[in-house]
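Each of the two complexes below includes subunit A, the first together with subunit B, the second together with subunit C.
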Partner chain A sequence: MSNAVAKPKDWVPKGDLQKEISAEKMLLELPRELLFITGSEAAREAIKRANIDCAISYPITPQSETMQQAGYLYDEGYIKEYYRAEEEIGVMSATAGASRAGVRALTATSGPGLMRGMEAISSWPGARVTPVLLDMCRVINTPLAIQPDNIEISFLLNTGMIMLHAENQQDFFDYTLAACEVTEHVDVTLPAMVSVDGFFVTHARGPVSIPSDEYKLNRRDGWRSAVPAMDNENPPARISRDAPIQKSNFISYHMHASWQQEVFAALERSGKYFEKLLKGRIEIINPEAEDFIICSGSAVSQAREAVRQEGENGRVVGLVKVKTLRPFPTTSIVNALKNAKRILIPEFNQAGWMHKEVCSVLYGKCKANIVDGPRVFGGMTMPTEMVIEWLAKARKDFP
Partner chain B sequence: MSLDTIKPSPGFLEHLPIEYQDLVNHGQYGKKMKASDMGKFKELIEEHPMCAGCAMTLFIRLVFIGLPNPEHSVIVGTAGCGRLAISQGNVPFIYGNYGDTNSTASGLKRGLELRFPNQKKDVIAMCGDGGLVDIGFQGLMHSWFRNEKFATIMLDNEVYGNTGGQESGMTLKGKVLKMAPRGKVDEKMDVMGLAKVAGVDYIARIAPTNPGRVLRTVRRAILVAREIGSSYIQAYTSCNIEYSIPTPDVMKDAFDIEKERYGFEEIVSDRAKKFLDEVEKKKK
Partner chain C sequence: MFLQKNLILTRTEPGGQGGYQFLYKIGQYGVSLGSKPQEEIQQIHWEADVIRYTSETPLQYEVCHTTELASKTLRFLNDSTLNEFLEKAFNYFNELEALEKMLPGE
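Entry: the complex of A and B
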């Protein structure tokens, strides 16, 4: 703790010295430097380059330091506006308020904070606001714990928001920057959540290659949007975007239905941008394999190692890493798994939401036996041996 | 938006709906209307689905007339009777989630200040007593403690009118309403006092008995919020349905309650007073 000191009169915000570029140039063209940093630090580096106008924070610690790091970035002048809000409903409401004003808004939360802000977050897609929410997953169900578990992701799967699930620190950096741009395309105009499994990624160090901080993303242009910003820069009309559609008549039913259909159509349209910026919405290893593992988040790292060890023993195992949970890369997954015989779906949660997702898209399109697991939750790690044992059992059960 | 944005391009005016033509030709944009002008100009809000005789509707209508810069205003609301009328006004209206007005307005105002550094945008959070001090209490208080620069207007009908007459924090002790089958146990919340403790720069309690005074109070609250800090108006806007006030007696009730316990009161900080003195002196 120290006392605040006013900025000198000749102070120049560091963000003002950065050069604006597109996400494509940032992620795919610029040379990169390799660092060894935590997931929270990777988030900080992404935010530093994301040209964020307004970041609103609440201390859901110990899961992540991200939003206090955002505070330091504000102090340095990489973020234009920042404050600590009252709690998560306040954070999510204010973040949407800032986004409605036509500026780029960002916040981060985890587990219980996400649940608390849920009412506000689930209204974002329909409001066609474009904030980016970084989510560091942790236990939400009782007995409460602060350990990693990504069941919270399942609560947001049907809201209409863009959802990315990072495997590691590198993904957290790349996905955050990609999300900041894709959300704001006129044919998208939707919010995004970038999730990462807490502790395993947020608090652990990993290799992250990043471009120079001399660059930042192009600023949000508040005039370019599927719906007008709430800035009163348009001639007045009686029916505002946020007018309640609460009459019990067919006009209101149709208004709501068509609005929601458009939200989910916009979500699908975002896929092409991620396809380019993330070099595909899935990653495939050993596409010719009969045994496949499909998963997202840090389960991918465990599966990756299992695939390597199986390879050393002469067994070819395929891996499908899902990068975008929403829009779900249905066609790519069906194509990747159409010839698989056995499919394993490791997850860090009790609900098995990825298992349900995969089953629903493969139904009738793949003859593989889909194994419901392995799963760990409540903070457990997933040893590679566990994945290999489940693979062996699958071969035995489904010869 | 400049006032020019409102004006249609040459040749287009006659093709626009008559209502829009009236707004352009006979509206309040660019003018300061007086209460005595009511009925002589096209108001920002006219049609609405509110109950016959609703005092809240009269007050909301007066708020719209009192907006110092409607072409640069955004209103934030939440569930409740008020939004049924507010959403019909010719001012952008954010209908958010339950009790999120002052949190949403905080982000909105800061965002607008970033985007329009050379054009002040007035943000007004206007909603009912339940939305503000029950479900929205946390956001309300923190926005005040943060000294957010927007105006908050409470439409205090002392009941949850829109959901069918449940007690709220602003209901008087002893009143029998839904969810208070034996009468409300606790006292009416002293939100004026809370505003004072939180350091709100301009606080006013008012009943819609004197239209001129309502317009002046609304303008003062919005100007203080624009230049100085948070402002709060607590307006008695009776629910004639849930309180069984005969429609012809709604204004009589407003005068009676005003005299009994809802008298006009202003609490103005020194810096807001100095500012208002300067503004009002300049106008004279």
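Entry: the complex of A and C
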């Protein structure tokens, strides 16, 4: 027996009272109010305005609070369907199913949960479904911890999905709303993951300016899509997108190749939308500098302060903040760093995935010495002075 | 929302622990305000120190636990009590600055 209390007969879902607008208007035109809220609360505020049809949750630290908040939003009528699934494979499969049926679907997870759902997640881009996955990064490798570490991002870089990496609470709000719309453009039709470094952002308060909750994004039109939504009233015996692919023959190889080429072409096409909604896919500070720091996520905040302190001491240091990891803003990065002499790449993970990314795009296009660090992981902190020490060492090593 | 007047710097917590630091300044004195991550949202609180600036460029300060305002790091659980303290501190710093101006120059 359910203990849930039925809504009164005259109850109106609060989402029904919101006015639908575009992401461009939501993010770039509406007046905003400044709040001081946690990353989890920023996610809640984004979800409230995202016109989500279906949210599916499974708890894992440090994500749990966000989907708990989504549950409250469901109760208030901002989300149309919400439930807790059995575990992450179930979450990611059901989220894809909801999206395939033509509605806007959202879920969230962290570290090991992301790894558990990986099989389903990696099938999303090829299935051309458009869910938005909020990813609060944490340690996944042994010794296990619940502390911030974003190595999990490296596992998804080649899936074909859109990947954004938020620096702070404000980004987490803005990027989530941008992702909800961009995924659904006909020439994109891809899933998106919005990552943020757990605890540093999710469990800390930061300044976030947000538009009124009288507004929400335009609803998803499931038929306006690169592939048709599934009619769940008359479901096919077998999903037509995969049947020919799963045969081992010459045609199937070609189909797979051309299908994947189109997935990654669609990924590149999403770039122009983020360019507009996020006011550029990179942010550059001190473009004339010879010493540059390039990074994403909360490493940007530490680097930003290092740049400020270096400026106070008369040393000009540039900063490139990467907002979209996929599509990777290759041209913008090459242009920003073409005259750099020394490049530092601070990261919160053992793998150094951003270092590898930057080296691969700058190869043959930039003569700078690229320093592989500073790098911390497993929950270690990256004090500003560590970045400044690495800058000093780079100047000494590469005069 | 906490007070924005006299706020001269908003930055990430420089020690790398996550969260933010806010520096207020009136004359040579000010308040360093910090908010760090906590496991439970209700545990998040403000930590405030009265500070005395020793340099403007580069911006440097020392913690000052010898004023009548506070002899230790203060903790505030909500914005309204914090803002009460900040208003009191701003008035105190203004008076202090006026008094210091009355002292004969060295």
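Methods note: the second predicted complex is superposed on the first by the 384 of 399 C-alpha atoms of A that agree within 3 Å, B and C clash if a C-alpha of one lies under 4 Å from a C-alpha of the other, contacts with A are read in each partner's own complex, and residues count from 1 in each chain.
The rule we apply is simple: a contact is a pair of C-beta atoms (placed from the backbone, for glycine too) under 8 Å apart; a residue touches a chain by one contact, two chains touch by 3 or more.
For clarity, every value in this text was computed on a predicted model and none was experimentally measured.
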Review point. In the superposed arrangement, does A:Glu181 touch subunit B (first), subunit C (second), both or neither?
Key: neither
Check your understanding: Now for A:Glu45: first (subunit B), second (subunit C), both, or neither, which partner does it touch?
Key -> neither
Check your understanding: Just subunit B (first), just subunit C (second), both, or neither: which does A:Ile56 touch?
Key -> first
Practice item. In the overlay, answer first, second, both or neither for which of subunit B and subunit C A:Asp291 touches. Key: neither
Exercise for review: Could you look at A:Glu357 and tell me whether it touches subunit B, subunit C, both or neither (first, second, both, neither)?
Suggested key: neither
Check your understanding: Can A:Thr384 be said to touch subunit B (first), subunit C (second), both, or neither?
Key -> second
**Study point:** Comparison of subunit B and subunit C by subunit A residues contacted
**Key:** B
Check your understanding: Looking at the overlay, does A:Thr95 come into contact with subunit B only (first), subunit C only (second), both, or neither?
Key -> first
**Study point:** Contacts of A:Glu152 with subunit B and subunit C, given as first, second, both or neither
**Key:** neither
**Study point:** Contact footprint of subunit B on subunit A as seen in their complex
**Key:** 53-54, 56, 80-81, 83, 85-87, 89-91, 93-103, 105, 119-120, 123, 222, 229-238, 240-244
Review point. What part of subunit B is in contact with subunit A in the complex they form?
Key: 1, 5-6, 19, 23, 44, 70-74, 76, 83-84, 87-100, 103-116, 121, 138-139, 141-142, 146
**Study point:** subunit C to subunit A touching residues, read off their complex
**Key:** 1-2, 4, 10-12, 14-20, 35-39, 41, 44, 57-59, 79
Check your understanding: So in the complex, which bits of subunit A are touching subunit C?
Key -> 34-36, 38, 40-41, 65, 148, 168, 199-207, 298, 301-302, 304-305, 308-309, 312-313, 381-386
